[in-house]
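Structure first, commentary second.
Every chain is named by a letter (A, B, C, D and E) in the order it is written, and numbering of its residues begins at 1.
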């Protein structure tokens, strides 16, 4: 009998060795995250911030799409819902970031619940289309809100301060975002390792069977929709602070697709995959830009932006066709080889 | 945002404090940040090509004060997050003496705080006038929007007399908002009636509904503030919608595509711009044409004022570097930018002079252009 | 405690197709009730209607006196009725053990919110539930493959996993839809043992849909015959096997093709 | 053994992309008009043989690593399914082989489209075979009961008037009477029109009753072969491959 | 009344462009089960190619573009789409998104980002209609061409066995191939047809407004058209396109321009909730 390769989050939590290994990995990850900005330049800190922020958005999306099987293009809209709720709370009531994020999460949960409602009746391409429609409708609502509240430029955010402490510096911003990302990672890990995680997978794979096991398919789906969009909306507030502004023209369908590309490239249904995918996709423009600077001049490299568009497309295609389990697949097979070898 | 403008932060106080950012003995780094593959790419790529031509020429002639100019370019793809990352890149990883580009107004607004904190000069963005004038690190050579509004209203009253009904078509970004406010303020001075505004997305393809509304409002003229995409959308839709009234555009859409897309309306389409196209009969033409022909860009861009605009900005940078001397720092560079004698532009625009104000000063600098069907050229309107 | 399932004049139609017509069956506690009938007779539809997957067009179903009609599938499960599916409905990417653990879902004992905030309660519950499924895996002889992904198993084993999952719900009534189809003779024998075991323990009563008439006759206390959406008789296996209508409509004139004769005759 | 074999499989080695090495050196022959069975426990590789013979290996991400399949002497090892069909081999696939989003009639018309017009039978032929299909001709095939879908699959295969029918788990979900009817029908076809049948079944006893000869497959290799009688009389070893001798152990389980 | 009619005329004209792209989406969805997100890019590149040949006049330029982009579609299928056979929704959507990106970038490399134009298909820009209304001649041509394309395709699909095989291959390619279909060839046809239709829409758009590789988002309404008409109905795609176009233009006229795209999305949403199979589609078959 061959050894099964269960996704790590579903691996046996009762197995002590796996637990130790996982704790070890977690400690290592935290160490890397903390040490990173201390050893790299401010620019790479910014790149790392982008990646970590992208993870904080991709991971909840992966929970929804990868684990619960709800293919959604609504994540950019959830970001704008969060950003504008956050802006409204911040500017109108002069609230601190944590409060703004909580309120944004609540708004995100509500909107996610509503956008998730069609998932009770629709599946596959139809559900995807409903999220596409939701994207445009929500962004339109945000536009109207923006026009009435902030003007055409959108909301301009002041440098981040919490309890009188200035957190807008590169490093402090990085730590704030990393801490939030860690929280998101923890929540998702907890859920997916619990029995509810199993239920979520069951709803994805066989909803009739899930119902036959006493799992409320509707409740499970709506929970995941609300939870995932709450997390994305909260991330939206941070993102807006980080970018310095929130303007509807930023929240495009392409932005939504970028996060979908991340979870695809990283690995569907895997938290580690979300992280790898976020890093990878964030790095593509950075690397193409560096390459074109290093070897620029003639040929296609003279048009790095076009080249980048092509490369981005090729990466997506290549992963779907050649590595459907994503980057995390490499990690898993490497780990398996290690385990079998030693 | 004005209050936060000077906010510098503790753990990454702008490298601007350092003396020689982006400068070594042999090179100086300047970076262009722009939308090179998004909806505004047609304009911003051309602009970049013009800048590059000026810089390449300076490098070919041995550089400036012994230094070659290392011109970097980063593509925002019309994405604020990319703009923020690139800003970081070109102020810390590959620290640049100055930045060029940043033409999308919402990005520009998002970055203004960082620009102040970083104390990095940004030359030539065409964003929002309010922000430009409020931020001492931003230097703009293009017609600012209040000046454009003034010029356009005057022109309209000369062409159409009083009581003209004017429709406003504007890009749905921050600068569009500003434009509408300004034009509304300006219009009563010529007794014109503003009949409301129609927004146009940066990536709009057509504007049938906007044109239908203008027709219903029975406008006598349309003012346009948009990028080239929005201009095409409006003008093409005016033709298919049968709206035959003059169009008055700001600098935003005054490239050749404005008149190309105007088709039958070309002769009654006007653009107000501080910059003239490369093939204008100005003193600097021989110089620019020779450089463009060598670079092989003459045929493609000879009618595109965005190219000339880039060329001028590039030359302003080169000239400032010269003036800043051997001892090049951001401070000395900024001082050179503000030098009272200003910069000559070969007649492609009024002389640039930032000694008093970091935007364009006087209304005479804004010229009106239209299309001459006879010569098939974009020409200045000398006698309106 | 097993309960009584009462199907009362149940009707189910899909547009013009009448899948069930006034079907009334009383399933006694502790009883194994076989259901046979030609293809398309409405057997699966009957289970679907009882378990809330299709809302019946008329009639009612009640379990232990409480009406089930109009309730959601998951709340019907909560009354103690579990089922398997004619076409396997396993979650193929999950392991066998996880599939069976799904059946323990109603006994998780903590909500999604709690799961999100801390892993403590989940860990305790998980340990408890694993303790509960292990004997079940043994009972169905699935211990060897517990860590395999369900889709990699042969058909027969998958059927058994389905059954284990249904049993993990601790049902008082178990509805089985063609559990022996496509399985080996060995699997079939195991199935007979399991059903007999359940019956002896008095843990749950069973409704068994099967085309393997030998199996049905072997384990059922009574057999219901469906034909064209109607229940044409409910009687002892012997009576049913002897009934002319059944012979004609269902079994064919010949004797049954699948191995009615003791298997060791080969 | 028949001299001129219609289907001949020689030393076939097939592996799935997942790594499962499903067949190892399998050789099978089916003569024209012959009824041949393949029996074996779950996972023995029966379906894999059916896929390879009907040109479906690639579709299921399996590759023929070695060996040769030929039909009437022609090498068809790498032929795609539609060419195999044109050569007169039709399959009744394992599981639900009908197209659920198409009506019953369109399912039938689909296969008719593959038959040259002058030999093309009328759809109604299928309805004569199974009247219930005629009644539900406008219904989506996916809405039929499990057995009705199986009937549709059988009718569809017979419409082709194939030279060889590969039937994988034909009896699955069918009422006993229908199974008898179908097998009788196939036997008649074999006798009258020379249609060969390769019957792949779990149900050994039923299978051996129908076929002339059978192969016993275990873990991807042919472990026994012979006429039905020979196999019935074969000793424990063969029986164990069929998963029947273990009954005593199965009984101990509970 | 005039406003209303004008909105209806131009709405149906633009709608027929959505319809053309939607037809391509439906052909691909029907035959390969893939929800194609590259329709907009195919349309845009068709427009760019046609406009590049603008000197040849509309019809020649459009014809060449149609053939060229049909080729792009066929090649796309042969290279990256075919391996997706039967792999479900997500991979198909993602690969077509990737494909769109590749097409866009390649077009940028080959043809640049300068906007281009194409002359009118028939000399006159507009013609007059009753009640003082008028319609763009290009839009009228678009309407006629897409109606013709719909009819031709509908005949091909419903009256020939190839159509049957296409439909079968979409759901169960392995079963379709068991029964005589050659899915590989069929998918190539489907992609070529989709590419050609999109290019035709692109050429029309180039003459109507502009050809520019970044106009792909214009075709997003094709999704709405597809759902409204019914994902597997060709006539539905055409009528869905018209319905979406008219709704959009009416919303633009009476509510304001920024209501246009959202209004189509609202229509899309309403259909999904009330009648997911659209006007003429077949409902999904699910049975436990």
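By definition in this document, a contact is a pair of C-beta atoms (placed from the backbone, for glycine too) under 8 Å apart; a residue touches a chain by one contact, two chains touch by 3 or more.
According to UniProt, the chain labels map to these proteins: A, E = Branched-chain amino acid ABC transporter permease; C, D = ABC transporter ATP-binding protein.
Just so it is clear, the model here is predicted, and its values are computed rather than measured.
Chemist: Which chains are in contact with both chain A and chain B?
Modeler: Intersection of chain A and chain B contact lists gives E.
Chemist: Return the chain whose centre of C-alpha atoms lies at maximal distance from the corresponding centre of chain D.
Modeler: B
Chemist: Would you mind checking which chain's C-alpha centre is most distant from the centre of chain E?
Modeler: The most distant chain relative to chain E turns out to be C.
Chemist: Using Cα averages as centroids, what's the distance between chain B and chain D in whole Å?
Modeler: 73
Chemist: Chain D to chain E: how many Å between their CA centres?
Modeler: Going by mean C-alpha positions, chain D sits 42 Å from chain E.
Chemist: Taking the mean of the CA coordinates per chain, how far is chain B from chain E in Å?
Modeler: 36
Chemist: In whole angstrom, what separates the CA-based centres of chain C and chain D?
Modeler: 29
Chemist: By residue number and range, which residues of chain B touch two or more other chains?
Modeler: 37, 41, 172
Chemist: Chain E: which residues touch two or more other chains?
Modeler: Those would be 105, 108, 217, 258, 284, 288.
Chemist: Would you pick out the residues of chain C that each touch at least 2 other chains?
Modeler: Answer for chain C, listing residues that touch two or more other chains: 53, 85, 87, 89.
Chemist: What part of chain E is in contact with chain D in the complex they form?
Modeler: Where chain E meets chain D, its residues are 85-86, 161-162, 164-165, 167-168, 171-182, 184, 282, 284-287.
Chemist: Name, in rising order, each residue of chain D that touches chain E in their complex.
Modeler: 54-56, 59-60, 80-82, 85-86, 90-91, 93, 97-102, 106, 109-115, 140-143, 156
Chemist: Which stretch or stretches of chain E touch chain A in the complex?
Modeler: Those residues of chain E that touch chain A are 29, 35, 80, 83-84, 87, 89-91, 93-95, 97-106, 108-109, 217, 220, 223-224, 227, 231, 258-259, 261-262, 265-266, 268-269, 272-273, 276, 284, 288.
Chemist: Which residues of chain A touch chain C in the complex?
Modeler: Residues 1-6, 10, 13-14, 187, 189-191, 193-199, 201-202, 205-206, 208-217, 220, 223, 227 of chain A touch chain C in their complex.
Chemist: Which residues of chain A touch chain B in their complex?
Modeler: 41-44, 46-47, 50, 151-154, 156, 158-159, 166, 168-172, 239, 242-245, 247, 249-250, 254-255, 285-286, 289, 293, 304-306, 308-309
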